[in-house]
Every structure is written in structure tokens, then in C-alpha cells.
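Next up: the structures, one after another.
The same chain A turns up in both complexes below, where it pairs with chain B and then with chain C.
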Partner chain A sequence: MPDFASSRISTARQAKDRIFRGLCYGAAALGVLLLVIVLWGAVREGFSALTPKFFRGYPTASVSRAGIMPALLGSLWIVLLTLAISLPVGIAAAVYLEEIARKTRLNAFIQANIANLAGVPSIIYGILGLAVFVRFFGFGNSIVAAACTMSLLVLPTVILTTQEALRTVPMAYREGSLACGATPWQTLLRMTLPCSSGPILTGVILAASRAIGETAPLLVVGALASTREVPHGIRDPYTVLPIQIFNWSGMPQHAWHVKAAGAIIVLLTMLLALNAVAIVLRNKATRI
Partner chain B sequence: MIAGKFQTKATSRAITEWCLTHVCLLAGLLSIVTTFGIVFVLLNEARKFFAVVPPAEFYFGRQWEPMFAEPKFGALPLMAGTFQIAAGSALVALPIGLLIAIYLSEYASPRIRRVVKPALEILAGIPTVVYGFLGLTFVTPILQSWGLPLDTFNALSGAIVVGIMIVPLVTSLSEDAIAAVPKATREAAYGLGASKAEVITNVVLKSASSGIAASFILAISRAVGETMAVTLAAGAKPNLTLSPFEQVQTMTAYIAATVKGDVPYGSTGYQTLFAVGFSLFAMTLSLNLLSMKLVKRLKKHHA
Partner chain C sequence: MPASLAISTLVGCSPSEPASAGDGGAKHGGRITIDGSSTVFVVTNQVAEGYMDAHPETTINLSFSGTGNGFQKFAAGDTDISNASRPIEDNEIAALLKAKIEFIEVPVCYDGLTVAVSKENTWVDHLTVVELKKMWEPSATGKVMKWSDIRPGWPDSQMHLYGPGTGSGTFDFFTKVIVGEEGASRTDYTPSEDDNQLVIGVADDQDALGYFGFAYYLENQDKLRAVPIDAGKGAGPVAPSPASIKDRTYAPLNRPEFIYVKKSALEKPFVKGFVDYYVSPEGQELIRESGYIPFDPAVYRTIAKHIASGKTGSLFSGQMGKPVEDVFK
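The block that comes next holds the complex of A and B.
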């Protein structure tokens, strides 16, 4: 006689199994769908704003003529200056922690501290920048104050990804170099760093995309709400794309939202291009 | 003669290398300087603020009107707003993020992984101001068209967009925790006749629980510290309410709104920035430390 009771239990269990699997598949599909919705939401709204005049124009008070040129240039200035500051410092710190430091208490503290800094809200970095760079050093609301603030913000990212990159180089490479008579520093500069340059570059791109997209700290250190001036030097006032998007989004009229969406498309295109480079680099690195 | 030449070359190289080493050490120490800088800057101004306003009034007062002629410094409305956004976004992000992590590590074929993972990475890389824009111009109108009595700015849209924003974080950290569960543990459970869902819910998730909890806490910490999305979507009016349909102001949104309005340097209004900032820093720091502790426990558990 077949055991009906137990077979019923097993169908119930099978059903549960199927439901659970459905939930997991559904969530994953939702994740991809959300990305599509986010991108589509911006493109649908802002596509009509993308005219040549939009790229050449200034953020004027009249909607029809408003453009993003100063914001675009401001973003470029700040990203480049941020990278110029944070890359040497970040890579040096990573080299210290990974290649030079012994396992002392101080170094363990530095390491834990960097992990913590990575989790500090970005607006807190803005407050730090306001007190230190804008007021104490007297940089004012300038590009250099913004870039210094942004550098502190991206440093943990640069350090942690560079450390990961250095860890991918096999110990035998270093030992081989040392055995040939190279000093530890020659080994580092001619062997370890070149061998890990691919993944380090991924970290650089991560830092750059963070610096392009961050808004809150620049709001605090005084990016301009709107400007008729294009920045010419590091002491000049500035505005950046995310701040421009923020200001236009806050306007009540719909026409401004179209402009904001147009600026979002430009910003996202820049970020996607950077990310695509990062993904290609990583796939190359894993193949080795 | 030749030996001497080599010697000077070697010494100068030694000096250069000594310098390089110490430059690297300085770069490492900069992170400690940054942390102390943050704590010093926040405490220094917050101290002046708390000399004027008693901490009890700040943390338990129910009215936040710092710029009025007769200012009120009760930060409870800001904290309630922050709590609402954090709790709401957790409701959105934690289940979705965890289910995606389970899907990726237990069900997905390598081909689908190659689609879903980059999609999540891109989602994680989208600037927060974009999420704010979408909350305001996309999510709120849709919810309104469904008949929800929403204000133009409302906590619900803020929580939804912040939730979407932190899904990738939950997924990537939970996935790491799930991947750390040894294969033998799973096989033992299959050997006892468990179905796949039973293996996952009863064995894998339990074994990875501290890592998953760590990912949840870190995501909540991110939601607490998020600024632009909540400023744009949830609004800028301090409001002690639990209704998700109304406008609220979070701690971060207060800082953003106040610095924009050029508060006079050195005034009590200026110092509120630092008092709020310090409270925010303390909250996120304790959440982050808790999360790190859980990760450490997970590592010990599987070691």
C-alpha cells in the first residue's frame, strides 16, 4: 500500500522549494529591471534636452537657454585634481601597509581605521572640508578646497583596492626579484607595482567615478548654485554636474526637470564609460 | 677608487629608500589624521553648541526650529526622519538584496551571473542625486497615481529610492558570506534528504547569518548617512511623524539644507551643523563597528 501521508508531505515540500526558487529568481529579475527603470526614467525625461546648445550653454535663469558647460568643466577640474592628490597618497599608503609595514599595533590600527573611514557618510567629509580647507587653510569656495575634500573621501577606496591589487602578485615574483640582487624598493617599483597595475587601475576608476558622482560634500564646501564663469584655475569658484542636477531638480517647473534629466544622462554616460573600462580591465586581469 | 664610487651610489640609494619608506608611512598616517580631524572638528563646535543647549533638550526635544527668532533645538524630528528612511529602505532592500544574493550563489548559471552582477554594480555606482531626482519626479507621481495621499516630498519615496540604492551593497556582502559556507555543510544536509530550499534556509543562511547580519547593518548605516536622495525625495521640513506619506527631514538633509542657506559663521545655528553631524557620525560609526565585529565572528566561525 502506498504511503499517501508521506507523499503529500513531499509535494508540500516540493511546492515550498518551487516557491522559494521563484522568489530568488524574481528578486534577481527585479534587480536588473530596477536598473533598466532607473536608466529609462532618466533618458525618457531628459533626451529632448540634449542639444549642442545645452553643452555650450551657461546655467542661466531662463530655462530654454540653460546649459551645463561650467558644470561639466568644473566636474572635470575636480576629478583630475582629486586623482592627482589621492592617487600618489593612496598608493603610497597601500604600499606601506602591504609591502613595508610589520604587524605592529600601529599598523593594525591604521588598517582598521581605513576600513572605518570608508564607512563615514560623505556629508561628514564635507563638514571636515568646510572647517579645515575652506576656513582654516583659507581656500574658500574654490576648486582646490573641493578637490582636497574629495581626495580625503576617495582615499579609503584607493588604498583598499590598491592593497587588494598588491595581494594578487605572487610572493615568488618578489622573491625572484630579490634573489637577482634587487633592493626591496627596486622590487616594488619594477616588479610588484607593474604586475598589479591592472587591478590598481580598476581602483583608480572606482575613485574617479565616486569623485564625479558625489554631491553632498561639495554642497557643504560651497559649490556655487549657479555660475556664469568658467573656472580657469584652482582658486576659482566652481560648480559641478551633480550640484547642477540637484539645483534644477529642486525647481518646481517641469521644464527644469527636463534639464536636470539631460544633465543626468550626461553624468551617467560618463560613469558608464568609466565602468565599462573597469569591467574590461578586470576581465583581462582574471584571464592571466 | 671604484669601490668608493659604488659605496657613494649605495649610500645615496639607501638614503632615497629610507625617504621613500617614510613618505609611505606618512601617507598611511594621513588616515589617522583624517579620523582625528573629523572627531576634533565635530566635537570642537558641538562642544560650543552643547554649552548653550543642554544635550537633554537636543536629544529629547520635540521641536526643531533652530533659525527662528526664538530657536528650539529639539532634534527628535530629525532623528525620527532618519529612522523612518532607514527603516523603510531596510524593508525594501534587505529581503530583495538577500534573495538576489541567494540566487547568485545558489541558483544562477555563470552566464546569468555575468549579466546580473554588472547590473548591480552599475546600480551601486549611480550617483545618489540621480536617485533623489527619480524619487521626486518618477516614484512619487506613480505612487500618487495609485491613489496614495502623498505630499510632493514624502518619506515613502525617499525610503524606496534609498532602498534601491542599498540593494547592491546587501547583495554583494551577503553573497560573500554565503559563499564562505563550506560545500561539505550543504552536502551533509542534502545527504539527510533536505530539498534545495531547505538546505538554503535551514543550513546555509544559518551558517552565514553573522555575515548576512553584517551586510544588513552596513546597509542601514549607509541609509542613515545618505544625503542627496533623501533631500530631494523626502523633503526639508522637520516633522515628528510616523506617517510615510508626509514630508520629513533627516539629519543629513538638515545639514545639506542649512549649509546652502549661508548660516552666519560662529552662530548657534552654525554650530547645530556640527552637533547634528557629530550625532550622525556617532550613529554610523557604531553601526560600522558592529558590522565589522560580526564579520570577524563569521571568519572565526569558518576557520
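The block that comes next holds the complex of A and C.
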């Protein structure tokens, strides 16, 4: 704050300023505090569950043997496949809407609907996925059905953040590129997209985090509650960590809740690791 | 998991040949797909584990989406076996008939729905079915609010009621046998699909009462007290216990649990093997371990004969809580 704030007449305004700043700090700290509480609760309860056997084991009925291997691999499969589907489609859609489409009524309509889709509850996507991917396309209760459903779920996020990212690239860059003789395609590929890759990666983080943490749609499209099968391909049945956590925390015996807490630690670690990778990539990208 | 596999399959999201999980069994050696009630899931999961330990070549994949949803998936051909915490209903039989899916009904064990209060509650010595009805019927909503409304002499304090949500087979069963009409319940209680939440709600509150599966009471006996129930037929109040649930002196909150097996699946040796194992002495031991109450061994022998006979259709439909011994002596 510059010095004019220290003039005596404005003490009331200063006080307001301080209160506002305090509230903002509080709001920011609240998020961190909640994360710490969640982490602390999970670590305190579930740390003892984190044995090598826990990572190698299957979600069996006897609590001493139960582990998370199929769920861990299932989660990885689904996150990677979801990103593989939703990123190309989402970025292409954003490029179309932002760079190519003219401002027609139809495009405005599409735009409004994408914004609305971002707010649709995830269970609705689950029901859609059940009807379209599981039944109509006949994917069954497979990884590919789950990943396609998750892709629908994260697409609006990817599109909207990519659009925001493209808007941050100054018009002059594009015009400069075009003036130098580049085609629109070259401009897009070598100028606009690289310049906006930082914020686009933010969208990827959000998409991946959502895909890894969602439970409701996968319950509907048929994730398993108990299996000894490790997925080997996209047509295989699967289970994922959030489902495992959900199931175990619903069991009557306390020992299961310890396992659930252990799985929560693994899920949070995966999530933070994914975010860390994306943040490193983003920092590299923004430096260009 | 080899990296090449990940890459090659990541690209191929296009639909290839349609295959449902239920049909997958033939291709993948021995895979059994099971869905349905979350209550029965606990039992079937335990038995499935025992079976897979003995037969590693068979894979049993279990989910739970509730009894009703389970039957929908059963009718869609997604599953080989459907877990059910109540007998199949007429409309569900009709759906299966339409889908040309024949099924064999196998009762697997008893569960005693437990009405529980906190250990701190000193006054509820027992409840009659009439009192339970007064407490839970739809017309109680907003009216029957205090313990003294249930029995004169009980404290003049608010009751805090906990029970499962409307999507649960437990809810269907409780309303049917206590209120007299399936799904008819007061609405101003705290519902949760998660029985642990019900236990937590009841445990530390002397004015609370809730109902849930016996297994959840069994695990929380240090915090809860099971209320003895008087069916009003002269036998007096009886508390739930493995013995009283099994000989049905604990009434009427005593119900059989079922699995429904697709007939075409039962023709596969590994499905037949699993279902036979379920009702075998080993299976009975695993049922007991899971916190549920097995029938008499003799009853299981009759049930095994029923499975072997391949007789399809339901003997329990429309008769919730009908004693299994009446059918399988």
C-alpha cells in the first residue's frame, strides 16, 4: 500500500481496509486449513494401513488381506484414458469457438450450453453414460465406458479453461504471425496454442483431479465393489479408489475404516502428484 | 502393465463388438458378475472370497446398487447373480420374463433387523410392534414427537429417530412388517443409506432410536443396546441374537436374504460350483463370519436339492419375511 493511506483523516477507511484484508486472508487460509484437517484425519487413522501388502492386495472380504491394487490401476487407467479422450476434443472445441467460429446465434447457443453443462451434477452424466456407452454402444461395465462418461463430465471444464487461455493471447501476436506470412493453421499451432499452454494446463489439472475423484457416475456405469481382476485392457471390468473408499467406509467393522483412510491417503497423494506435475509443466510453459 | 499396451489401447476408443459383462464369462475362463443389495453384498463377498481361494481360476466381480437396481441389471443381462434383501417382486418377474431370463431363487441366510438405542438410554426396556408402528407410521409425522407419546411414564423429551433412506430394501421391509404397507413411513426422521451413520447418530444420544441390520449392532455392542421386540402374540419381548433370529422367536423383524441366479449362467460349471459352495458347510461358516445368521444345515441340504433340480421361479414373491423353513424343510 502506498503512503497516502497513512493520512490521518482516513483511519476509518484504513480500518475497513484492514478488516477486508483480514477476511481475504481468512478465506484463503480456510481452504488450506480444511485440507490440513482432512489430511491429518486420514493420515492419523490410515497410516498404519499403508503396507506393501496393501498396495499389492485385492479388495477382498477379509479385512486383513484387503488391498487396493485393482483400484489403484483402475484409477490410473481411467484418468489417463479420460485425458486422452477429453483433451483433444476439448481443446479442438475451444479453438473452434474462440478462433474460428463467427459470432452467430448458433455459436452463442453452443457457448451458453457448454457453460451450463459445467454445472450439471455428475450423477446425471452417470445416467447418460449408462444409457449411451454401457447399453447403446455395448461397452458394458468396462474401463472404456467409464472413461467416455468421465470425458463428458470434464469436457466443459477443459473447453472453458482453454477458451479463457486462448483469450489471454494478445491479438497482436496472431496478427503479427499472419503478417509474417504464416497461415491461420500455422499461427494457431506455433503461436496461439504455445502461448496459452500454461493456462490450458490449469484446465488439465482440474479435469484430471475431477476424473480421479468422482464416484457417483462410476457407481452408475458399473464400477465393481469387489474384484480380484487387475485391468489389462480398456474392455475389462474395473474399480477405482473413490469407490473402494466409499465401500470400505460403509462397512460395520472399524478395521475397514482404517483401510478406507489408507486408500484416502493414496488417492490424495496421487492427486497432489498429478497436480505437481501439471504445475511444473505449466511453469515451464509460461516461461517461454 | 506393459507400456505398449497402455498406448495401443488408449487410442482405440471406438466401439468394437458388443459384449455384456454377463456374457464375458465364456471368453475369460470363469467370470461371475454379481450386483444387487448392499446388505447381501457383505455375505456374498465373504463367500466369494472363500470360493476364489479354493478356485483361483474363477473370478467373481461384485458390485452393489440396491436390490431394485440390481434386478434391473439382472433383467438387462448384465449380471449372472442378483443379491436381494427381499423377495423378487411381480413387476421384476415380469421384466425378466420379457427379457427371457429364467432364474433360480436361493435363500441364503437370515438377518434380524435391529431396533437400537444408546447405552445411555435407561427407559426403553422393550417395544411392542404396536408401539413401533405408532412411532414410525406416516401419520406420526410432526405429531408423535416425544417418548411420553409412545408409552406413559417415559420421559417428556423429544425422540431422535434414525433409519435407512427410501432406496433401501431394509426400509421396504421395516415399513411392510411394522407399518403394514411397504414404503409407508413417517418422514421427519434422519435417513442415511450408510448404516454407520445411523450407528453414530444413535450411539451418543440417550433420546435417539434407530433401526438397521443386525451385523451393525453386533459390531457396536459397546455403544448400543438392542431393544427386545414384542410381536404381540403372547411370546413376550425377545432381543435379537443369533439364536433368536435363527429360530424366529425374534419376530417379526427377521427376514431371509436371497440370491437370484440366472438359469443359463447356472449351466456353467464355475457358477454352479459357486452357488453350491454358498449353501455348503464351508459357505455356512463364511455366512456366520460375515455377521449374518445361517439356517439349519438341514435347510441348506434342501436348498441344495432345489438348486440341483433347476426349478425356476419364485416361491417367496409377495411374501416378505416368510420363513424359509416353511418352504425348505
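In this text, the second predicted complex is superposed on the first by the 241 of 288 C-alpha atoms of A that agree within 3 Å, B and C clash if a C-alpha of one lies under 4 Å from a C-alpha of the other, contacts with A are read in each partner's own complex, and residues count from 1 in each chain.
Just so it is clear, contacts are C-beta pairs under 8 Å (C-beta built on N, C-alpha and C of every residue); 3 or more make two chains touch, one makes a residue touch a chain.
Please read all numbers here as calculations on a predicted model, not as lab measurements.
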Dominant toucher of chain A (residue count), chain B or chain C: B
Partner chain(s) touched by A:32 [first = chain B, second = chain C, both, neither]: first
Which of chain B and chain C A:45 touches, first, second, both or neither: first
Which of chain B and chain C A:141 touches, first, second, both or neither: second
Partner chain(s) touched by A:279 [first = chain B, second = chain C, both, neither]: first
Touched partner set for A:233, first chain B, second chain C, both or neither: second
Which superposed partner A:250 touches (first chain B, second chain C, both, neither): both
Chain B versus chain C as contact partner of A:61, first or second or both or neither: second
Contacts of A:180 with chain B and chain C, given as first, second, both or neither: neither
First, second, both or neither for A:108, with chain B first and chain C second: neither
Set of chain A residues, in rising order, touched by both chain B and chain C: 135, 219, 222, 225, 249-250
Residue ranges of chain A touching chain B (in the complex, touch as defined): 13-14, 16-17, 19-21, 23-28, 30-32, 34-35, 38, 41-42, 45, 88-90, 92-93, 95-97, 100-101, 107, 109-110, 112-117, 119-128, 130-132, 135, 152, 155-156, 159, 183-185, 209, 212-216, 219-220, 222, 225, 242, 245-246, 249-250, 257, 260-261, 264, 267-268, 271-272, 275, 279
Contacting residues of chain A [partner chain C, same complex]: 60-62, 73, 80-81, 84-85, 135, 137-142, 144, 147-148, 219, 222-230, 232-235, 237, 249-254
Residues of chain B touching chain A in the complex: 13, 16-17, 20-21, 23-32, 34-35, 37-38, 41-42, 45, 95-96, 99-100, 102-104, 106-108, 112, 115-116, 118-123, 125-134, 136-138, 164, 167, 171, 195-198, 200-201, 218, 221-222, 224-228, 231-232, 252, 255-256, 259-260, 265, 273-274, 277, 280-281, 284-285, 288-289, 292
Residue numbers on chain C that touch chain A, as the complex places them: 1, 5-6, 9-13, 15-21, 24, 31, 33, 35, 38, 41-42, 45-46, 48-49, 52, 59-65, 73, 76, 78, 194-196, 199, 213, 215-216, 218-220, 290-291
